[in-house]
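Just below sit the structures, each encoded as C-alpha cells.
Okay, so chain A shows up in both of these, paired with chain B first and chain C after.
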Partner chain A sequence: MNTNRPFPQEARPMNNSDLVQRSSALPPGADRPQPWGGGPTPPPVRPARRRSLAARMGLSTGGWIGFAMVCLALLVAVFAPWIAPHSVGAIVTPDVFAGFSAKLPLGSDYLGRDMLSRIIYGTRLTVLLALAAALLAAITGTTLGLLAAVAGRAIDETMSRLLDAVTSIPSKMFALMIVAAFGSSLTLLILTAAISYMPGSYRIARSLAVNISALEYVQVARARGESAIYIACVEMLPNMLHPMLTDTGLRFTFVVLLLSGLSFLGLGVQPPYADLGSLVRENIAGLGDGAPVVIMPALAIAILTVGVNLLIDGLPHRGRRKVAPTTDGGH
Partner chain B sequence: MNQNIVELIGRRVAVTALTLLIVSIIIFTITNLLPGDAAQAALGQSATPETVAALRLQFGLDQPAYLRYLHWLAGLAHGDFGVSLSNNMPVSELIDGRLPKSLTLAAITTAVSVPIAVSVGILAAVNRESLIDRMVSLGTLSLVATPEFLIATIAVLVFAVKLHWLSALSYSGEIETFDQFLRAYAMPVLTLCAVVIAQMARMTRAAVIEQLGSSYVEMAVLKGASPARVVLLHALPNAIGPIANAIALSLSYLLGGVIVVETIFNYPGLASLMVDAVSNRDFPLVQACTLLFCLGYLVLVLLADLCAIISNPRLRT
Partner chain C sequence: MSTNQNNLVEVRGLRVVGSRPGEPDTTIVHGVDFDVSRGEVLALIGESGSGKTTIALSLMGHARSGCRIAGGSIRIGDTDVRALSPKGLASLRGRKVAYIAQSAAAAFNPSRAIIDQVIESALIHGTLSKRAAKAKAVELFRALALPEPETIGRRYPHQVSGGQLQRLMAAMAFITDPELVILDEPTTALDVTTQIDVLKAFKRVIKEYGMTAVYVSHDLAVVAQMADRILVLSDGQVREAGATGQILHAPAHPYTQSLIAAVTPTAAASHTEAPEAKQQSRPPLLEVRRVMAGYGRKDARGWPSKLILSEVDLSIGRGQTVGVIGESGSGKTTLAKVIAGLVPSAGGSLLLDGEPLAGDLDHRTKEQFRRIQIVFQNADTALNPVHSVGRALARPLEFYHGMRGERAKKRVTELLELVRLPASVASRCTAELSGGQKQRVNLARALAAEPDLILCDEVTSALDTVVGAAILDLLRDLQRELGVSYLFITHDIAKVRAISDDIVVLYAGHRVETGNRDALSTPPFHPYSHLLVSSAPELRAGWLDEASERCHRTLAPIGPSADNPELCTFLARCSMRIDGVCNQTTPSLRTLGNGAQVLCHRSEADLIRFQASPAPATLAHVERA
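And then the complex of A and B:
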C-alpha cells in the first residue's frame, strides 16, 4: 500500500497554510501557546523587534536546556586549543586511569594522558566530522528532492525507489560495509555518513517540495513561463529552508551517533586522531576496575546529541515534526 | 479476506522483493568496487603476482562483474553464501552458529520492550500535557539520542563493578538454569531495551494522540463513554496500524544497536561476526551479514504494513 514506508509521517501532506506562513515575516511562536507551560511567555502587545531574544526564539524549558548543552559543546569544539589544559598527546602523569583530582579534573586515560584535554579535542573532531556529513547529506538530499519534484515522473519514481532501497540497509551496516571495502579515512567517514543519511533528507525535501509545487504562487510562476530551475531555487527552496534546517539538526545527531559508534568498534576514526567514540574504546579496559574515565567521553557525546534533540523539540511549531526524531532514528 | 486485500498484500510483497534485489545489487557493487581485489587483501603481505593470480582464479575474480553477481545471486538462492576468505569455512556454517544467538537476544528484547513501551506510550497519550506525559517526553527524547555504549558502560559500572550482581562479560557458554540465563542476558537486554522502549513509546504516544484527536473519539466522549472505554475500544483498534509500524521501526533499530551491544558484552552473535569480518576484510561474510540484516529490516517493515492492511476496517468488507 504505502511504498515509502520508512517515513510515513513525512509522506503525509503538510498543512499548507502553515507552510505559507513560514515564509512571511511573522516571528514563529509569537502568538502561540507555550506547549511546555514553563517556558518564557512572550509579552502580548509589544512590537516584534523590541522583544527580547528569549521571547523571540520562543523556546520551551526543554528547548533552553538543549540550547545550553549545544552551546557548551559548540564552544568547546571551536575554542578547543585555548581551553585544553594540556596538549592531546602529552603524557602528564605516570598514574593510568587516575581518578578525578584538582590537577586532572576528569582523571587520566590508559596512557596517563589528561582526559579533559582529550575529550575537548575529541569533541572538536566529532562536531567537525558530523557537521560536514550532515550538511553534505542535507544539501544533496534537498537538491535531489527539488529535482524529483520539478523533473518528470519517471525520474522521481526511479530516484525514490533507489533511495528507498538504500534506506533499507541499516545505516551502521552500510557504514561497516563501506569501511570493509574502502578503509576508514576521515574523508571517507564523512562521505559514508552523508550517503547513509542522504535518502532521509531527500524523502523530506521531496515531500515538502511536492506539496509546495501544488500551491498557487508556484503555479503562477509556472504559468508565467519561468524555468524549472528558477521555480525550484527562487520559489520553492526559500519555503523549505526552515523545516530542512530542523531536519539537518536531527541528522547531525544521527551522524554523531553513527560515527562515534564506528569509532567505538575500532572501525571509524583511526589513531593518531581520536574522536569521542575512540576515547571510549581506548579506555574500555578501565571498565573492569571501575574507572570513571570510561564514561566521560560517552557522556560528552550524550550532551551533544541529547542537547540537539531537546533544542529541536523545544522549537516552536514542534507539533509539525513531533515524531521525526524517532522515525528514522538509530537503525 | 477479499480480493482487494489479497491484491494489496501481493503488491506489497512484490515491492519488498524488488527492494531486496536492489539492495543485493548495491551490496555487491560496493564490496566489488575496490580496485585492489579480495585476492590481494586475503594474501596481504605475502602476495606475489603468481599467488594473487592463482587466488583470483580460485575466487572466480577473473570473470566480469555482472557474471559474478549472477553467480552470487544464484548461490544465495540455494543458501550458499560462498566461502569465508579468512578461515576457508563456508559462510553459511559460520552464520548458522551465530544467527540463533542474535535472534534469541532480539526475541527477549522484543518480549520485554513491547509491552512496556506500548503501555507507557498509551499512558502518556491519555494523560496528555500532564506531569507524566512531560516526564515521559523528556525522558524518551533524551534516551533516543543517548549512545548505546554510554548505557552499557554505566550498566557495567553499576551492576558488575559496584554491586557485583553480574559479571561484566556476560556470555559464558551453556545456559541451563534460570539464574545463568538472567546473568547472561540482563545487561545486553537492558541496554537494548532502553533505546528501543524510548523510540517505541514516543511513536505509540503520537499514534494514539492522533486517534484521540479525531471526531469519532469526540463523539464517543459526548455520548458518555468512560475514558477507559474510549481509549481501549474506540481509539486503540484504529491505532493498531500505526502502533505496529512504530514497533517495527523501533525493532529495526535493534539491527544496528546489537552491533555495539554484542561487542561490549562479548556476545557471540551475528553482529560481532560482522564486525570481525569487516576488520579482516572478509567480503563474502560481510555481504552475507549485511544482506541478512537488510532482510530482517524489510521483513519487519513488511509485517507492519500487513498489520496495517489487515487491521484497516475499510478493507475488510
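And then the complex of A and C:
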C-alpha cells in the first residue's frame, strides 16, 4: 500500500520544491494542501478552491479509469430500481440461458429472468453491504487505534494482543463459522465482514497515530494540558484521515470478495435477493452449455474491485506533495 | 573575463529554473558567473533558498527534480558539462567532480561495510584495482585523522560517530582523486566540538592533496576557516565576491554586512531594573532541585534504565533568562520536557513560585499548565498542518481564558502584532509560512497563554542566521514588554551569551557549571565549558588552527577508573584530568571567584593557568562585537 505514507514524510522541512519556492522573491503563494495531496498540476498562485476538481484530484490515467469504473458501480447501486428494465424476480422469458439479444441485453438466467436487471440489483446489494461493512470496520478500527495511541501502555497492549488474535483467524473460516452458528442475514453478514477486517484497520490507524503523537504539535498540546480526547480528535485525527480513507477503499475490495465468496458458497445473501456472488453460483449450471450469462456477474465483481484498486493506486502520493512555498518575508 | 588556463571551473551566466507543468518557470539562479582556480577553495555562502546548493549541484550537471539548467555555460577543466550526454555525466561524477553531502548518515548504506562503499566509486570508474583502492582508502583515513585507519573500514556505518562518518564520506569522495570537490554544508549537522575535528581534517587533506574545492555553507565563521575566496549569494544572485579577508573585514554589499552583523549577536542591554531586591523576598519563579529523569523501564529504586539527567539544579527568577548549553545528547531537551511535564521526573522536585509542581502531566492544574509554555526547535512540526494560524492561536485563548468569537479574534490579531506578523496571517495555513514566520507563530501561541515562563528549545537552530537573530531580538523585546522568563536551550555559545542572565552547562546529564553571563565569558571555566567556548567558530581566518591546538592537547594518561558511578562524566575527554584524583573520587561543586559554580577537582588557579594560554579566544570575539 504505497499510498499509505506515514505523515512525517510530508512534513520534512526541506524538499526540493521548498527550496525552489523559497528562492523566489514572490510573496507567499496560497498553495493550500489539497484533499489528495495535489499532483504535479496545481498552479501556486491561485487558491485551491478555485481549481477544477480534476486538477485537485491529480489522478493518473489509471486512476481516472478506476474512478470511472467506481462511479459506474455507485450509480448503478443508487439508481438500480430506475434503470433496471425488469424487476428482480420477474421471469420474462421461457428461454433459459438465452444469449444476448436486443430485448435481453445480457441474456437470461437459469429461470429465464433478465440477467441485466439481476446484475443491477446484485451490484446494489454488494456495494451497499460492502460499503457498510468497510465503513464499520474503518470507523471502529480508527477509533480503537486512536484510543490505543493516547490511552497509555496497558490499554494499548491488551487491545493490540486481542486484535492480533482476531487477525490470526482466517476471515473466510470465521465467516463460515458465524453463518453456521447463527444463520445468514444481511446484518450478520455486515457484522461478520466488519469484524474480520477491523483489526487490519486498527493496526494501520494505531501506527499512524503513534507516529503523529511523537510530533511536536502533539507534545505542545499535551504540555498545554489538553485532554486525550481533544488531542486524538482535533490534533491527530485530521492528519491521518487521508491514509485511513485510502485504507478503507482497499478494505472495501476485500469485503466485496469475501461476501461474493460466501454467496458463491451459498452462505451469503439468500434468495430471492441476490448479490453478485450468488448470481455466479445460481448460473453455474450454464457453464456446461457455454452460456455467456455465467461470466457477466463475475465481470461485474471484477469491474468493482479492479476499479477501486486502480483509483487508489492512481491517487497522487502524499510524499510528493508540495510543501507550501514561502519567502522569509517579514524580517 | 577571458579564459584563464589557471581556472579549473568557469561558470558563465548560469541560469537554473524550476518548472511545473502549466505555469511559467521560476528562476532560481539568475545568471551567475564565477571561476575557481586550481588549488583554490571557493565558498558559496547564503541563506536557505539563496541557490547555493543548486549552483553547487549544477557543477556536476545535475539539477534536482523539478529544476533544470536553463542557460549559461559550465566548464570544468576542458569539459563542457552542459554538453555532456548522460553517460558522459556519469563518468564525470565521482571521477572528476566529487560531492560531500550534509548528512553522512543518509549517504551510507547501513547494510554494507564502510570500506566497500568508500572504494566503490574507484571500482566503478576503474581508476584503481580493489587492492590499490583499499590501500588508498587507508591512507586517506589516516590523513583524515580517523581512529584505527587500518580497521575502521570494516565497521558498519552505525558503529562510528557522526563526525567520523562525515570524514569517511570525505574519503569516499577523495578516493578517485577528483579535480573538484563539492562540500555541501558538511559540518552543519555536527556539534561544535566535533565540527572542529572534521574541519581540521578537511582542511589538511585539501591542502595536502592540492585539491580544488567548492564549499557550500550558511555559516560565515566556518567558511572563514576554509575558504580562499567567498561568493555571497542571495535570491540566486551573486551579491558580492571577494577574498575571504575582504568579505569578513571590509564587506562592501549591504547584504554581506547584514550577514556579518547577524553572526555576532549583540549582548542584551544590561537589565537596568535591578530585580535583585524583589527577589530576596520572593522565591524564584521556577526551581529545579536535584532532578533525575530518563527513559526505559524503571528499576527497583524507581530510576529509569537509561538515565538522561542526574541531579540537575536550576533556578529561574522573574523576567530572567537562564541559558542551558551542551552538546547533543547532554540532556538539554529532556530538561525542558521534564519542566513541561512531558517526561516524568524520576527524582528530585520542581517548585513553581515555591509551590511544588507535579512531575507528570496528570497531576498538574490548568493554572500550572498555563504558566509554563514550551516552544520547540522544529517550527515545521510544532504547528499542526491542518489548522490555520488563527485556529492554532485561538485554542490556548479558549482553553485557558475562555475567550471565544470576536474577542478571541481581536486577541489573535494582537498576538500576531506582538510577534511582528501581519494580521492577515491568521487565516493562512501553517504550511504556507516560512520557517521564521512559523517560529513566530509558535511563540505567539505560547504567549497566548500569558505564561510566566517559556521554555525555548533550540528555537533558532533550524533557522537562517539572519532570521534567527531577528527571533532572538524578538524574545528580548517580549521579555522587556511582558516580563516573561525564559529557559533558553541551545548548543550555540554566542547565542546563549547574547540572551541569558545565567548560564547552565550540561554534560551527559550533569550540570558541570553554572554562572552568570560574565562568568562564562572569560576564564576560569569548567574544562568542558572551556572546550565549548573555544570550539565555537569565530569570524577570523586562522581561528581553526589556534582552536584545534587549544582543543587538542594530548590527554594525560590515567589509570583505570574506580568503580564509582559518581565520577566526573567528562573524565574521558578532559585535558586537565589528574590521575589518582579524577578517576578515583567524586568531584564536588566549588564556587569560583567570579561566582560560577563548577563541578571539578581542579583549583581556580589551575583552571586559569590552563585556559589563559594561548591568548584567550573570547577576548578577540568580545572586542569585535
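The working rule: the second predicted complex is superposed on the first by the 266 of 331 C-alpha atoms of A that agree within 3 Å, B and C clash if a C-alpha of one lies under 4 Å from a C-alpha of the other, contacts with A are read in each partner's own complex, and residues count from 1 in each chain.
Just so we're on the same page, a contact is a pair of C-beta atoms (placed from the backbone, for glycine too) under 8 Å apart; a residue touches a chain by one contact, two chains touch by 3 or more.
Here the structure is a predicted model, which means the values were calculated and not measured.
K.L.:
First (chain B), second (chain C), both or neither: which does A:H86 touch?
P.N.:
Once the two structures are laid over each other on A, A:H86 reaches no partner at all.
K.L.:
In this superposition, which partner touches a larger number of chain A residues, chain B or chain C?
P.N.:
The partner that reaches more residues of chain A in the superposed model: B.
K.L.:
Between chain B (first) and chain C (second), which does A:H242 come into contact with in this model arrangement: first, second, both, or neither?
P.N.:
Neither partner.
K.L.:
For A:R222, using the defined touch cut-off, is the partner it touches chain B, chain C, both, or neither? Pick first, second, both or neither.
P.N.:
second
K.L.:
Could you pull out which residues of chain A sit against chain B in one structure and against chain C in the other?
P.N.:
Residues 8, 323, 325-331 of chain A touch both chain B and chain C.
K.L.:
Quick check on the complex: what are the chain B residues that touch chain A?
P.N.:
These residues of chain B touch chain A: 8, 11-12, 15, 18-19, 22-23, 26-27, 30-31, 33-34, 129, 134, 137-138, 141-142, 144-150, 153-154, 156-157, 161-162, 168, 195, 198-199, 202-203, 206, 242, 245, 249-250, 252-253, 255-257, 259-260, 263-264, 274-275, 277-279, 281-283, 286, 289-290, 293-294, 297-298, 301, 304-305, 308-309.
K.L.:
Provide the residue numbers of chain A that touch chain C in the complex, in ascending order.
P.N.:
Result: residues 8, 10-11, 13-14, 16-17, 19-25, 28-33, 40-41, 43-45, 215-217, 219-220, 222-226, 235, 238-239, 323-331 of chain A touch chain C.
K.L.:
If we count contacts the way the header does, which residues on chain C are in touch with chain A in the complex?
P.N.:
Chain C residues touching chain A: 18, 20-23, 26-28, 47-51, 53-54, 64-67, 235-236, 337, 340-342, 361, 364, 366, 369-370, 372-374, 376, 378, 380-386, 395-396, 399, 420-422, 428-429, 431-437, 440, 445, 449, 462, 464, 466-467, 470.
K.L.:
In the complex formed with chain B, which residues of chain A make contact?
P.N.:
Interface residues on the chain A side: 1-3, 5-6, 8, 35-37, 62, 161-162, 164-166, 168-174, 176-182, 253, 257, 260-261, 264-267, 277, 280, 284, 287-290, 292, 294-295, 298-299, 301-302, 305-306, 308-310, 313, 322-323, 325-331.
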